[in-house]
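Before I ask anything, let me first share the structure, which is written out below as structure tokens.
Chain IDs A, B and C follow the sequence of writing; residue 1 opens each chain.
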Amino acid sequence: MSDPLIACRGLCHTYLRGTPMEAVALDGVTLEIRPGEIVAIIGPTGSGKSTLIQHFNGLLRPTAGEIRIAGEDLWAPRADRRRARQQIGLVFQFPEYQLFEETVRKDVAFGPKNLGLPSETIAARVDEALRAVGLDPGRFGDRSPFTLSGGEMRRVALAGVLAMRPGALVLDEPTAGLDPRGKEELLERIAALHRKGMTLVLVTHSMDEAALLAGRIVVMDAGRVMLDGSPHEVFAHEDDLRRIGLALPQAARLVRLLRERGMPVSDAMTIGEARQAILAAAREMGSGAH
Amino acid sequence: MREPLIEVTDLRYVYHPDTPQAVVALDGLSFSVQSGEYLGIVGGNGSGKSTLAKHLNALLLPTAGSVRVGGLDTRERAAVWEIRRRVGMIFQNPDNQLVATVVEEDVAFGPENLGLPPAVIRERVGEALAAVGMTGFRRRAPHLLSGGQKQRVAIAGILAMRPVCLVLDEATTMLDPAGRSEVLETLSVLNRRDGVTVMLISHAMEDLSDAERIIAMDRGRIVLDGPADAVMARADEIPGGRLGAPPMVKLARWLREDGLRLPEGVHTVKALADAVAAAAGLSPQSDV
Amino acid sequence: MELTRYITVGQYLPRSSPLHNLDPRTKILATMALMVTLFLIPSFAGLGLLAAGLPALLVLGQIPLGYALRGLRPIAVLLLLTVFLNTFFGGGDGGRTLFQAGPLVATEEGFRRALFVGLRFILLVTAATLLTFVTSPVELTDGLEWLLRPFRRVGVPAHELAMMMSIALRFIPTLLEETEKIMKAQMARGAEFSQGSILNRARAFVPVLVPLLISAFRRSEELALAMEARCYRGGEGRTRMKELRWRRGDLVAGVLVIVASTVLVRLR
């Protein structure tokens, strides 16, 4: 069995240590992400999600505990953290705010250039990445990123990370601020990347989004992992989730309410599943459907 | 019928008129808003909703048509400041509307601009902070607040000018769920308890669950204008396709196609649960 | 990275000392008077007396000595340079020669002048930093606005300057946070900020500066719109919630400063 791609053990992080404003963001996180998985990390604001993912590519140093990428301790004396930044592509929230180059092509090339790749490779990578996010290099390549719409700029920023060919993509609230159609399109693109083999870690506030995409959900609270399992396993803990301010996806809540009324509806996470479950239950009860 | 608070007539707005980059953002809008209403305006990116918002307090002036606030025309230069006092606006980015280094001074900014005496300003600041539940944060620095708290301070800053209407231009779009629910709760209280007219602009239907009436926009035109339930139920018919129907609306429609008898206008989880249970012949749930 | 750890704008120490509670205008005027006095004092005796009075001010302002001395660190090099130049090149007709090293001649007269200038320099810097220790940036802005108001007649935009300073202060922490975010985003794409020559490091900052500037422009546009929406139209007709008020302490301080200055300038 191969090494997990990302493995942290007892990971702790305290901000502003030694000052009166000291704050514990991570309080012993133990977690593994295996190649090919698609994992949603969900939790209320302040649970430490954003802090956690910055450890995955060595942007933050743990105050205690261990973080290994592809089996290698990131903070061992001779560790190569630059390689971790290539292997784990981190996309921050509102990534369009990091665009700076004169043309889309140049901005997307920033990552590969920093990796020291030869220019033909860089050009190829740029085109490949732009196509992966649905932007035609011919139409968009030479435009200034600042003339694009917000959604297009976000896709350019995503392409900028994809151009480094990471093995895993870690996205912090990728759909923040987008309208419903924009959210749908972006999530579909991300899912397509996963189908092609990309490991995905999605930090999100939305249980509905997590239920839609993720094979595994990690729930964080106050710097610790509270729940870690399949969506079905996690949603079984409705009370715990509600306590920390998270609601079940709407479909799951609907099914709960119906069960309370005595309708034998099986578990559902998405509205598609809810439709099937409700119809099955109605047929079983033999009334209501004509 | 009472004189409407806000009256928009054949409003047209063109960005960069008479140039090759001219864009028609608003293409002949007409509607009116009564005092005390809670109105939601929904539309995808590019529908013109933010452009419309800026016409309501004379930040933009019409290319054609008119906007009247309490009888005052926004094109009248002398009336602009009174219009802006009456129609307060809260913007999308919580940070980029807080001007002072301390919360109470920011809330005082509006009244200071109105030239009110210091004692009156102090009183208004206290009232406004209490109305949004932020009294304990008076002396805090804005950058230490959460998104939802910043927006509530922004709302307080408007309330201190004693407006008759609050216009929120995508003010919940950048907030996390907790912040969003804080702001929506505050608006609901202000509308129900204090009779403040609220116009909430958003691309998320879920934000509009407290609205009584919803206007849907697409490409500079009004495509739907009616009671909230009715509009939400038809959300995926809105042209442009940038909005989805709320999940429960979609599910209700599917279930109706499958033969379940469900009433129209169902858009919340609880309402749909009640409707499905009723359709399945179960007795209504007793109040818990 | 936590850049906010490194920022204490103007080194203000929040306390409630008699100095802190003085009106900011008093403190600004007193500091200005002190600086003028320093240039008028003719003798060591005067400087010495003033220097002796400083610890009293530190105690009154509840400023720890170590904190105050650290404020002098940035000027240490400049100070030494001043003393050196005056010792070897400022002598005039010099008097007795103290020390000679080739063409460099250190005269007694030169050395005495060097000490005088050096001491005055230290006292000037201390006076300025003391002002920032006991007056918050917001108060300084308010005080300066009031003091600049009479100059509006000759075209000084007092209100606008004060508004600019106040908004800048409000956004410094926000901009620092944003800088950190952008740096991290670029580091995630392989950027390095702490390696290579000075030229390389400067170049490495372009991917941080450009987004920051663009964001700053956008912020200012949005902020201006929000201010207009709140009926802002410049300083005309505008009132202030917080009013600066003279109190008894200000009168006492004012009198003390005038008396002390007069005495020190006269002392030979």
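The criterion applied here is as follows: a residue touches a chain if its C-beta (ideal position, glycine included) is under 8 Å from a C-beta of that chain, and two chains touch if they have at least 3 such contacts.
None of these values were measured; they are calculated from a predicted model.
Colleague: Quick check of your reading of the touch definition: is the inter-chain graph here a line, ring, star, complete or other?
Modeller: complete
Colleague: Considering A-C alongside A-B, which chain pair is linked by more C-beta pairs in contact?
Modeller: Pair with the higher count of C-beta contacts: A-B.
Colleague: Let me have the rounded angstrom distance from the C-alpha centre of subunit B over to the C-alpha centre of subunit C, please.
Modeller: 45
Colleague: Could you grab the centroid distance between subunit A and subunit B? Build each centroid from C-alpha atoms only and quote it in angstrom.
Modeller: 30
Colleague: Can you check how far apart subunit A and subunit C are, centre to centre, with Cα atoms defining each centre and the answer in Å?
Modeller: Comparing mean C-alpha positions, subunit C is 46 Å from subunit A.
Colleague: What residues of subunit B sit close enough to touch subunit C in their complex?
Modeller: Per the stated touch rule, the residues are 57, 59, 81, 84-85, 88-89, 91, 93, 95-102, 104-105, 108-118, 121-122, 125, 141-143, 157-158, 161.
Colleague: Tell me, which parts of subunit A touch subunit B in their complex?
Modeller: 44-45, 149-151, 176-177, 179-182, 184, 205-206, 208, 245, 250-251, 253-254, 257-258, 260-263, 271, 274-275, 278-279, 281-282, 285, 287-290
Colleague: Tell me, which parts of subunit A touch subunit C in their complex?
Modeller: Spelled out, the residues of subunit A in touch with subunit C are 15-16, 19, 54, 57, 59, 82, 85-86, 89-92, 95, 97-100, 110-111, 114-115, 146, 160-161, 164.
Colleague: Mind listing the subunit B positions that touch subunit A in their complex?
Modeller: Within the complex, subunit B touches subunit A at residues 44-45, 146, 173-174, 176-179, 203-205, 241-244, 247-248, 250-251, 254-255, 258-261, 269-270, 272-273, 276-277, 279-282, 285.
Colleague: Enumerate the contact residues on subunit C facing subunit B in the complex.
Modeller: Residues 137-138, 166-167, 169-170, 173-174, 177, 218-219, 222-223, 225-233, 237-243 of subunit C touch subunit B in their complex.
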